[in-house]
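Each of the next two complexes has chain A plus one more chain, namely chain B in the first and chain C in the second.
And now, the complex of A and B:
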């Protein structure tokens, strides 16, 4: 193309690169700030749902994006977090304190699930986790656990009123409080996830993803890495579930988010956002939530049974076809036409003669 | 001891076993179709049950227009074959080598789309489907004093016939040989002159035809609705996992095992009840996989670095 010229090269970590990143972050921040201050109930509620989904996706992204394994069972951890919060609130706890407990419960169960995952690869793990997604609602209904879960009736009245120190005015500002709580938790979870990736364990995770056997040969303790990653992933998705419970103010086994459908939406949102991308979970969750809502509206406006579902399905297939690496992958490809981020080159060191016997 | 024996009802046991085998045969057929696709492409087709459902709806239309049931099922199997072959070519193939996650999303898209398509074409109301076998209240024979209904037993017989046909196809025909070659190593098969693309389409088509048969056998009892294939698909994928995803024998053994297990749990393990059947199956499968990560009959692939 004549007018386009060659893409501009930007060094990773340079001032230009940092400014670019800040601008992108600022764009999202501005949209959220604008929405959080002005939007009213239904609109803000939908955006809150999207952010809750983004938190859950961030959890799944830890496993899939960075160890290459697919879980179709994260609805179980989502539900586990929601039920932990619900059961504790029902027993008189302050809602805020139930969130860390939910994270710990999901972490422990996640580690336990992660243990068999050590032996299973690829599609077998996907199928076992799929079984987990199916078994979870059945366990909620199980009569011998009803003392805890209250069976099919579920647990109600889980309102989380804004605490005194927040600027929100009690029940009237409940939707805004839920939105900002979700935003803050999303930021915390994202920072934890992205720091984790740059840590020792993060590099080990990526090594396991790219070639498990090679990573083991290089001395990566696969068992430890996978178990911890599974636990952390479950914990993040569990906290998303806690938020979901207080936003909806009730939990029951029939809620779609706790079933296989929930696991599928977390997985689909992750892939259409772009796996292993920092912005993937947020972009994917937003895309998933709004496309789904739009498709549903189309179906309802035309009053044709099944139309909404078919439209949504067609969009999914089109995204898989034309953006196989997700929306973020597509945007990166577009960006590469204009700006190309190159890794920082190591400074050239003068070659010195090797001093023998000086190695430690 | 005597008391326990007296309490045991032999004919009830036989009836429950036959019911378990009948349901297990449905699982086995669906699991077989999953295995056929997996062997050819290494993918799990999430839309497998829904393709079968599509065929079952077609059977209902055809029988309503006056065709005999067996002919309707055959036509629907052919239609399912064509539909799946086209879907493989148009939806799955273009993304196959790009990102496994995208293939999963496309398959989930197919699953949702086909599931909703039924209500778009055939309306949201449930339908009934006539049975392929005599299904009156007196159509049974006695086995150890138990009444074995032809409708149930026929499903099991159909599975056996299907297995024999598949064995002949895989071991005695050129197409079967090509399919085995592609399953073993697609690249080498391609170099040896096999048209891999065609084989993949045939694999999807064949799997679809089997699923249509499974759905058409199930619908007379389950009622024909959009939700018909959810449960059986999950059980079938569990069965395929148990047996080994690349093993047809494993699919059949896994399917029948899960069917019988379900009947035994519902019939004899009262404190668990119907809700927990799948959970119990899952735990058993997990234990099996811990000792044999590739399933009972599956092969473990050795990876070189």
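And now, the complex of A and C:
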């Protein structure tokens, strides 16, 4: 019997566990619904930015958190998605239809980029992806691609007006339309990621992350896993880029989210939330976005140039020191003092006595 | 353990992020704290010294007296006026809103950097804008009794924040029009939506040629000399000087790209050939040593430089180093009007700034003689001092003043039609034919159905190290009507 101070054990998959998960999901859903219906324009815009970042982090989390392949080049996939959407809208496409195309394009490029992952590991793979992050903005400015990207001038007029079947009133409610569009896409991406992790590929991803050699011995096709997951990861981040493009209504090479700094932002948000944590991308993106915004406000209110950046860096250092497994990891640790989720034990089958022969 | 490694990597990267973030005017649109490159707007307003009274010749090879402020004709004749322009409000989201009479206070919305690094350069423009509005309200009680109010929001030079601000200004604050937004990307981010809603986006404080799209975006106009006109003025000068081998060095963003496109399109007309091109990364504030070395090696006799922010100083310093190392290296050098400020030019200590050319369209309010004799300048300086702003009135503050003056002029013209509405404001702007008080003599703002650019003239000036300020080079040049309209 559990005594005082002993955490309550809850079996994974049990009714209690599922109720707990539903309550947590319900809490987030309630917050988003409340914000979506009542938030003012600036507040809703900031929350939308956080959700877009959460989508990008979900993608990165798949390849880095669950497959162990460090990537600091996901800004390139983000930008690829954004520019795919921009180029197609510029050519008359309905914005909504550009999103799946952007996902496919990013998937293909992601698979190609994943090829070095077959032979490189750790910091060396990180360097390759770093090269991608650095090269991408330069490619946007490349004169032979200017026919597509419009070079340094970028592509503008990317407004995605709410369709008539929605309850939104044109440009006046554009901020609400963007918010709910981001929420729906985030849900879709999260469901896809969750299902993937529960599948055979998901188990293979974790096996590769934990011990690649053992995974190979166990029959995991590492090349297939790494390549496909790189592609899926890129696709998700690319869709985030598409959303970003229609929210900003323009793309140009100078946008920070398409540069190495954007890649670092996605990585940092992932770490803040918690690597390989299901709720990590959302929690991390929210924390990153609001801490960053708060830090900037402190700098403005105190009229000290750079103060916002310093505050933000200090907060990150504190998180790394006291919550190395991210906010979700820290919350799990706190939860474990009261409730601990344990794996479901296989049912014990009664053993029939084996008939013994005459030993005489 | 892997989580800890990733955490350490992320923190290290984040420290780099914090170190890079919040840079000064190397920033543009960004929802994160990542620094974004500037698109380089709104040059210092009055940077050139006017004609001196002691007959000292400016830095021209023919000894010609500098331009005076006595209403002397410009160097070129103005193009004949085109047809009057009229907006078509039937395509607006809400035509009724576009034609509805504006009653009560006239509210002008604007968005520009008021905090962060770029604010140091651009905040004075906002101060100058507000100073003029306050001066006008006090002197005239508004327009036909309707006072003018300004609602200014801070965008930290980030285009996405500009968009957020404009959304708030339009839907929450319900302003009647926008004016004086700073930044090419910032204005571009809101141009399509504002035109779809038929809300005037007057006097974008950038020299981009995009604001001349009379047919596609009639509600948007620009107030600064288009970058293409700067190029035209320099190429004209090079032709006069017999220079033909041009080296181009420019920042690799939309701002730099516009200069390059203009050079590529027009250099041949003046017998000038681009023999070498170098780019500077928008986020790089270091000295462009390699780029300048290549310019020296290419044996150019002219350089057109489009650096950004602190790069303006770094470039000129590097030129000084190159000239010290190469006695024969003495090309005609032009630097973008965005760098045309005493702050930038005066910061160079090795002589690399001596004789460097740039352009201005404004009177030199920093010149004591002008400040003492020109009534319009006196009015400006007094009103600006009364505003309480601590900014240098000779910098972008004067550009802000002119922008506000142009806005009020348009409002007056619109009100004179009998109905002050968004439609009449847009028509008044697109058909402007008027001279701002701080504009050089011989220049004016003029637009019509075939001319999408108000300010198509400038005065070439050169920095004189001995004097410690700019001096006029040649006469005011007007290219009125040259650019026509922006075709997209």
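By our rule, the second predicted complex is superposed on the first by the 347 of 360 C-alpha atoms of A that agree within 3 Å, B and C clash if a C-alpha of one lies under 4 Å from a C-alpha of the other, contacts with A are read in each partner's own complex, and residues count from 1 in each chain.
Please note the rule applied: contacts are C-beta pairs under 8 Å (C-beta built on N, C-alpha and C of every residue); 3 or more make two chains touch, one makes a residue touch a chain.
Please read all numbers here as calculations on a predicted model, not as lab measurements.
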_Touched partner set for A:142, first chain B, second chain C, both or neither_ = first
*Would you check which partner chain A:312 touches, where first means chain B only, second means chain C only, and both and neither mean what they say?*
both
*Between chain B (first) and chain C (second), which does A:295 come into contact with in this model arrangement: first, second, both, or neither?*
second
*After lining up the shared chain so the two structures overlap, which partner does A:154 touch, if you call chain B first and chain C second: first, second, both or neither?*
second
*asked:* So in the superposed three-chain picture, is A:132 touching just chain B, just chain C, both, or none of them (first/second/both/neither)?
replied: first
*Go through the superposed model and pick first if A:259 touches only chain B, second if only chain C, both, or neither.*
second
*asked:* Tell me the contact category for A:239 with respect to chain B and chain C: first, second, both or neither.
replied: neither
*So, does A:268 touch the first partner chain B, the second partner chain C, both, or neither?*
both
_Applying the document's definition of touch, where does A:325 land relative to chain B and chain C: first, second, both, or neither?_
both
*If you lay the two complexes on top of each other, which residues of chain A touch chain B in one and chain C in the other?*
64, 70, 126, 141, 264, 267-268, 270-271, 275, 305-306, 308-310, 312-313, 316-317, 320, 324-325
*Hey, which residues of chain C end up touching chain A in the complex?*
2-4, 6-11, 13-22, 24, 28-37, 39, 93, 115-117, 154, 156, 159-160, 163-164, 167-168, 171-172, 185, 188-189, 191-193, 196-197, 252-258, 282
_Contact footprint of chain C on chain A as seen in their complex_ = 40-42, 45, 49, 64, 68, 70, 72, 126, 141, 151-154, 156-157, 159, 170-172, 174-175, 209, 244, 247-250, 252-257, 259, 261-262, 264-265, 267-268, 270-271, 275-276, 292, 295-296, 299-300, 303, 305-306, 308-310, 312-313, 316-317, 320, 324-326, 329
_With touch defined as at the start, can you tell me which chain A residues reach chain B in the complex?_
64, 70, 116, 119-121, 123-124, 126-128, 130-132, 134-135, 138-139, 141-144, 211-214, 217, 260, 264, 267-268, 270-272, 275, 304-310, 312-317, 319-321, 324-325
*Flag every residue of chain B that touches chain A in the complex, lowest number first.*
38, 42, 44, 91, 94-95, 98-99, 101-106, 108-120, 123-124, 234, 237-238, 240-241, 245, 271, 273, 275-276, 278-279, 281-282, 285-286, 289-290, 293-295, 303, 305
